[in-house]
Each structure stands twice: as structure tokens, then as C-alpha cells.
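Residue numbering begins at 1 within each chain, and the chains themselves are lettered A, B, C and D in the order written.
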């Protein structure tokens, strides 16, 4: 007999921009906020009785109102997400609230060689991500992250010695181009003193580790980067990395009488390798629902 | 101390088109295949020893080769995915293989009023999705699905009687437009006789249930649709639906001296409500890793 | 000395959905309307004096209001675009108005085997496009079109006998797969009796011509299709076609001991050929600003 | 009678990455190259006689070969585009060649606080664009540009005193947020000494002018920015700017008992204003086909 399984609902992609005008120069925070609530909502599914349902319209209003009321917390998505998640778990029917935020970084523009106090340009190099999960029994998990961070090494990457089967045609190489678009999420077992400082520190550790690593496989680079992040952020309990291998294929120029000593590459779209993995501290309990899924 | 957690890797988005020329009219199958393998791959992560690693290049080659060798199975993504998943679990280091396929439907074009035997047009109304998971101990789960199916009702949808808090401003309504872009995945507890027939049946049941349901909330519609699918496909053990509420907002024309009796709507982009939930048979064990995640 | 050149401004992407409830079954029209005005707007550019500027906010309001007031005309984008363009050319500063509309087709859903009077699904196979240009001296041009129409032939396409230079490596072929995503725009030298009938007729002629043509080059197919459209729609003065050659590359399976008799193809993303061209009646004057540009 | 009108064809989106290894630190150039040829190609359209057609496959090969052969010129898209365009106009049937290039900027990553010689991250803040047009009679036009450059001002923008008609509801304002995503293209009447220096200079002038301008309308800002660019680059003959007004709407928080003194904004997706215009030197001839169209 068909029965209701897990459900959740909420408002997705509330695009809120907060300006801090109380200081000059101004500061801005640019967030895309999605909220998912779960709990005792069987009635609306089974009978259409909505008496326990907080409208998704109210969820959007709450995000906007908190953008005004939460003050400086709005400047750090982890703090903003926590304030929201804590609020929603107090709604009667809600047992778990999950707040996901994409934050778009901006840099100050220059005018006549000086940073301008009110003008900005979007720094398109990456998106900062946050997932806060809170339960009505007081549980809470905060995950920070980055998405869309494209990095590349022109040398210092090898790949050989792999398993060969009937369908293997790849030639081993001791010098290839390595490029990936990093998506990473890290769970804070302990809170850092400052969320924005922490994000900068992790981003620096991650990119420095990528740059400096002599890679024998993208898998090895993933582990190396993960260890570097956990070492740089002692409160971080686990990092999960998703590294698409953005293949740069050496173009065969021999039909035109030309050699190609690692100079001309085709940046291929699809298919791509996809290497995913976690590095975690071995002294911690399971992170529960920290990493988003249902 | 940092240790390696769960890992997986593979080739994503192998775009293979199979033509069946042995019959006239021709038939085509258009798949986007992604493979993720997990198992005993710690060496490549920890030391760069790749001796157990099947290259992602070989994974792509395997997909292409099977598109030739698997014959008619290629015409049903569930069958194609199973053949691939079973093959990959036989690779020594692999304990679990997951094959995800997006399949793009095509319809035959007409020429001079007759179906043409070799000409097609892509039916952009939805994408068919498949997730097959297999383990090296013989376990297997097959999930079919649909994505990008946009449906709309001009009437027959209400929403009122909801919980009101400080941030609630939505007016209750007994007649609204309801639109959503259906993503659904359903797990086959038992195999159907024909995968393509089964997909057509489920799609028909799903859209018929959406069309005929007088909705008191999108949540109620979700449950109604889920029950209809489980009833239409007796072998289906669980369906998971993700229903973004694509808001169509009645435009206020009163500043121009005009009324708007449910005629002119703004199709808003963001934010949107997002209603998700499962309907499952209550006589079955847990579907394990059937629904994709890590 | 820097001087102001051509300018234009307007509101882009007004997403208006019109429901016709006066009949049962209901009908819907789903438009994405963009308006660009040009004329005597130097003051706002040079001094910030906006006294001649109709706000883009008012342009959006006008689109919405006309969606109520224009009645049945809203059901045909060409008629809707004309009503809007004519209105805007009457604004004092405006000398030319251009209205571009993307229209999304919907089909009626079935419930219990019957067409449902209020339920629809979006037909994702193509977008209908319209460009209306009007000038304040009474000039007017109407262009209809289609975008995103993906078509494919599994056989009946050759390509050989081409120019060979130092950089040519392509092998000639007498049987290849041919696929393209049609963008077409056609200018109506004379108005058809019914815009929606006309669009159906052209779409039918275009796809039938593609299906039935034995192709020696995509260029030849372009011309053949263009002639077919002009023949089917006697009032059509010119059609412009943009045909990306979506390459389907035969996969070399010989490393795995397999042949590939035209069965397994890689659907490549980039690069792609791009074939563009016009077919026009030779007895007509120049279509002026009919085809959008600045 | 239907006759052939204007035609053009070529290869679009050749994704070539060039590594300069002859120096340490390495440098990279990341281009997306599209080529369109026009000329005497009626035969292939009318009869399928391809004897004058350079294959699009050969066009792609040529781009790749030139990426090896053209040396340092590959590092500046304007120089690379010119070398390619000049080559293609020498193909017998070709009378005009147009080469468009999107170039993706990269910055050097740091490792242990020092710039790394072989590791890079993509600077996602903008794309550099180039359009080179050459004719077989020796004519040539070079246009540089930028796309995807998102800029914002939290204050220093007014909009009032506009024309009011029946459909106008916008309230005048003396302090609004102004945001746009700049697309700009500028034609070089005279060549600069160094293309890369020139691009940096223009980008600096453009963003500095945007930051420093007290705006009475986005139209006025467009003109101000255009004049600044022409002043900074004395060889620039014309700049064309496309400035979507990315509306940031002040959220009404009064239903929740909150004021909103310019702090909380909704970043709206659609519709958006679109302001376009040119600023040009008044002492120059028409730029002919410099700005891409057909």
C-alpha cells in the first residue's frame, strides 16, 4: 500500500543583497538563500489541510526581514544561515531546517587609482557556499564551501601505471596539463573565531596545496588538498571534494608537418573524469546530516 | 589525524548516439552516460600508485563499445545501464558501480504527410533519467525517472488555511494557477516486462494524475501523483518527486484602470517554492543505495 | 571629439502568461517580450535630463496592460507585437520601436484518455520567435521565426568533393549523420490570413523539406529548406537560416576488435560548423530593418 | 522567384589553450575561436558542388596550427585573430573573413605566499572579446571588447524627471542602487602599440569612469563611460556599450514593522532594463563591417 515517505519543502533562491551603509566605505553581502523544512507535514500531503504549513512566501519574507534584523551576521553566510535555521526550527511543525546559501564575492572598484567607497565589481572566480542544518532538539551542523573555482597546472602532473583492460587505450604520461573546477564543502566540528577569515584561510590553503603538489593522479591531489585544508583549519572535521577532470588534450599537429611540444591543447567539454572524495579527522563522530542530501 | 573517507570516480557525460539500421525505418537512442565507481582505491589517493585504477578513458571506451555490443539493450537506458554496471563491478578493485543516464527522446519527422524513416526531431518536453547501482556481491537497484517536464493548470488549485506567523503576508486563494517542472525518480522493486513501455505508462499516469487532481496544496498534488504512479506500476517500490512551484503571479492592473480576472500573469523566476517528497510501498525493505547520492 | 552615436533602450524579457478563460477549454499564451525604443534621447545621455524618457518600468506595465486589453491578438505574437510597437511609436520621443517576442508552445495534457480543459504541458521542442519593427512614419515589418528546433537524419547526407588545402584532413563521405538546431526567421512581405496557421504551415514545410532532402552539403539543405518555405508561404519575402552542424562523429571501435557500421556516434559539443544564409524573393525591395540588429 | 541571399559559414567555438613554455614562469592563452567566411559559395548551396568549399574541419585545424605557428601573437587575441583572418581571405572563394574570439583571463596562483610558475586560476570576472574582419581587397577592422563584467554602485545614482504616461507607476528617486553587466566593444581606428596593454587601459578607464560618475540615468553613465574610454585610448574610433539594468529592488519590510533605509534589496532576474548606445569620434569614416552582424 502506498504510504508517504520523507518530505521537505521550502523557498529556494531568495536573492537578497544587503548593503552596510553605517560605515563608509560601504560593504555589501550578496546571497542566494534556499530553505528546506521537514517535520510533521503529513496532513497537507494527505488531505490538503494546511494548518501546520508555514507558507514558502513567509519563508522568503523571513529571509528578507532577517537581512535587516540580523545586523553584522548577514555579512557571514554561516552566521546568517544559523540565525535563520534556528528561527525555523521553532516553527511548531518543523523538526529540521536546512539553509543553503550561495554567496557571490565582490571587490571594490578603483577610481583614479584609489578604492572607491561605493563601487564594486563581482569577483566571478568562485562562489562561496554554506549549508546549515539545525534540528528542533538543538542539533546543528555548519558546512562551508566553494564552487566554480577553476584551477590549472601547465606541468607537474603525471598519470601512469594504471590498470589495463580490454578497453584501455590511454597512453601513460609523465607530463600532462591538469585542470579542474573545484567544488568543496567542509564541516566545522568546532566554530572558527571569524567565519570570513576562516573561509579565506581555507581557500588559500586549498589553492596553495593544488599549486604546489606534484601530482601522480588527480585522486592523489584530492587527498593532498584535503589534508592541507584540515591542517590549516584545525576545527574542520571533514572536507568533501568534487574534482571534474577538465581534459586538455594535446592536439596532433603532425598532419600539418608541425610538432606540438606541450603547447597547443584542445579544452574538451565532454566527457570528463569526475574524482570525488572525502578527507576527515579520525577522532570525530559521524557528521550526521551536515552534508546536504535529502 | 586526517584520513581518507568515502571516494568514488568515473567518467561523466559520455554522449553516445546509437542508430539501429538493421530495420527500416531506423531507430535511434540518444544517451548521456555517467559512471561512478567506488571500492578499494586508497592507494591512488595516498601514494599515487594507480595500479588498481581503471582509467576514466577506458570507462568512456567501454560505454562506446557496449553501445555496439549490447544490441537492443541500448534502446532502453535501464537495460543499457545494467549491462554497464554489471561489467564494472567485475573490475577487481570495484565494489560498487553506479551508472546514470540521461536519455533524450526523439520523434519521427513527417515528409509529405508520412512519417519519414530516417529523419527525427528532438522532443524537448522532458529528459528520461536512469540510475542503476550494482554491487560486487550481486546487489542491484534500478531507478527510472523524468526531468524537465513542465506542467501547468489554469484552474483547479487552491491554497488557504495555512499557518500564519509574524512574517506571513500571503493571501489565501481558492483559485490560483499551478505550474511546476517535474523531476521524478522511481525505484523498481520488480522489473517490468518492457522498460520503454513501463516508462510510457508511468509518464501517462503521472501527467493524468496531475491534470485531474483538484489541488489544495502542491504537497497534496505530490502525494496524489505518487500514489497514481505506484498504482499504475505495480512493481514500483518508491517514487521521489521534486516539484518546484513555478510561481505565476497575478499582475495588478488596477493602476491602469483595468481589472484582471485571472487572465494576466507574471511568470516569476526566483525565488520559487520547492516541494519534495516520497511515496513508497509499505511492504518493502529499504531501497538501499537506489536513489543516487554519494 | 567623442559624440553620441546610435542609441536604443527598453525593457527586456517581460514574462507574461495570458489565460483565455472566456472559453472552455481554456487556452494560454506564454510570451517573453522585449521592447527596444530609439529616437530623440540625446538629452538623457548628455545631461541626464530624462524629461523625454518613457521609463522601462512603464514599458513593462504597458506589455502587461496590453496582455489584458489586446484580447485575442495576444494569442498570436505577431499581432501582439504589432499592437505594442504601434503604441510605442506614438510616444513623443520615439522614432522606432522594436518588439521581440519568444513564445513557448504548450500542449493540452490528457486525463483518463481525454484532453483536459485546464491542464497543459510545455512542448519543449522549439521556441517561436517574433520581431516587429515599426517607425513613426508608419513603416512596419513583421518577422516570424523558430529557434531551438533540433533535427537529425541518420542517412541521406553526403559531403565530398571539397577544396583541399594544407590544413584539410577530413575524409570525404557518401553517408553521414546530419544534425542541426534550426534557427530561422522569415519576413512577411504580405500578411497571412492567420498568424498561427501561417506558423504551423512554415514549420511543417521546413521540417518536411529537411526530412525529404538528399543532402550533398548542409549549405544545399539550407537553400532547399528556404525555397520550400517561400513556396509554402507565398507572402514570405525572405527567410534567414542559421544551421549549426551538430557533429555526430563515428566512434572508432577497432581498438576493441569491433567494427562500427554507422551505429555508434559521439555527439560532440564544440567546435561545430555554422552554416548561415538567406533565401529571398527576387521581386521585392530590401526588407529594411526587418531583421533585428541594432 | 526564390534566390539565394547573403551566406556565410565557418567553424564556431574552437577551444584552444596555448601554453608558452619557453619562459619560466609559464604563460597561457585561453581562447574560444569562431570563424565565419563569406564569398562566392553559391554552388554548394544551389547544386551541392563543394569544390570551392574549405571544410569547417580544416578551419578548426588551421586555428590549432596557427596556435603553434603564430608564436607570441597567440598571446593577444587581436593579433591572433588578424593572422587567421588574413590567412582565410587568401582562400580562393573567400571575400570576407570574420574571426571572433572569446578569451578567458587567468591569474597566477600562489604557493607558500609566492606566485607559482605553473599554476593558475581562472579569473571569472569578465571575458575578453575580439572581432577581426578582413576582406580580400586588403580591408581590415579590429574590435576589442569585454563581456560579463558585473559592476554595482550602492549610492550615487538618481532617476527622476522622466516622462509620465498612463502606464507609468515608477516613483522618482534621488538615491538608488545601480548595477549592470557591461558588454562593450571598441573599434581601433589606429592600432595601439600593445594589444594587451591597451585592453588593460580601457578596462581601467571604463571601470574607473563607472565608479566615479554621479549618475542621473544609466543612459548618462553610458555616455560618460564611452567618453572616458575614447579619451583614454586615443586610437579608438567608436565604442558600443550594452548595459542591462540589473534591478535591485528595495524590499518593503513595513508589514513586519521594519524600516528599510537602503539596506535590503531583492536582486531581480527579469525583466530588466536594457540601455545600449555608441560613442564615437566625429572625425572618422564609418567603421564598415567592424561591429559584428551578418
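Here is the rule we use: contacts are C-beta pairs under 8 Å (C-beta built on N, C-alpha and C of every residue); 3 or more make two chains touch, one makes a residue touch a chain.
Here the structure is a predicted model, which means the values were calculated and not measured.
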- From the options B-C, C-D or A-C, choose the one that repeats interface A-B, i.e. more than half of its residue-numbered contact pairs are shared. C-D
- Chain centres from averaged Cα atoms put subunit A and subunit D apart, in whole Å, by 30
- Distance from subunit D to subunit B - Cα centre to Cα centre, in angstrom: 38
- Distance from subunit D to subunit C - Cα centre to Cα centre, in angstrom: 24
- Which subunit A residues reach two or more other chains? 15, 61, 65, 167, 169, 255-256, 269-270
- Item | Graph class of chain-chain contacts, one of line, ring, star, complete, other | complete
- What does subunit A use to touch subunit D in their complex? 15-21, 26, 28, 30, 61, 64-65, 67-69, 106, 109-112, 116, 118-126, 148-156, 177, 204, 207-208, 210-212, 248, 251, 253, 255-256, 258, 260-269
- Note on the structure: Within the complex, subunit D is touched by subunit C residues 1-15, 34, 36, 41, 44-58, 60-62, 65, 91-93, 158-163, 165, 167-170, 215-217, 219-220, 222-223, 226-227, 230-231, 238, 240, 244-245, 270-283, 293-294
- Item | Contact set on subunit C toward subunit A in their complex | 166-167, 169, 255-256, 269-270
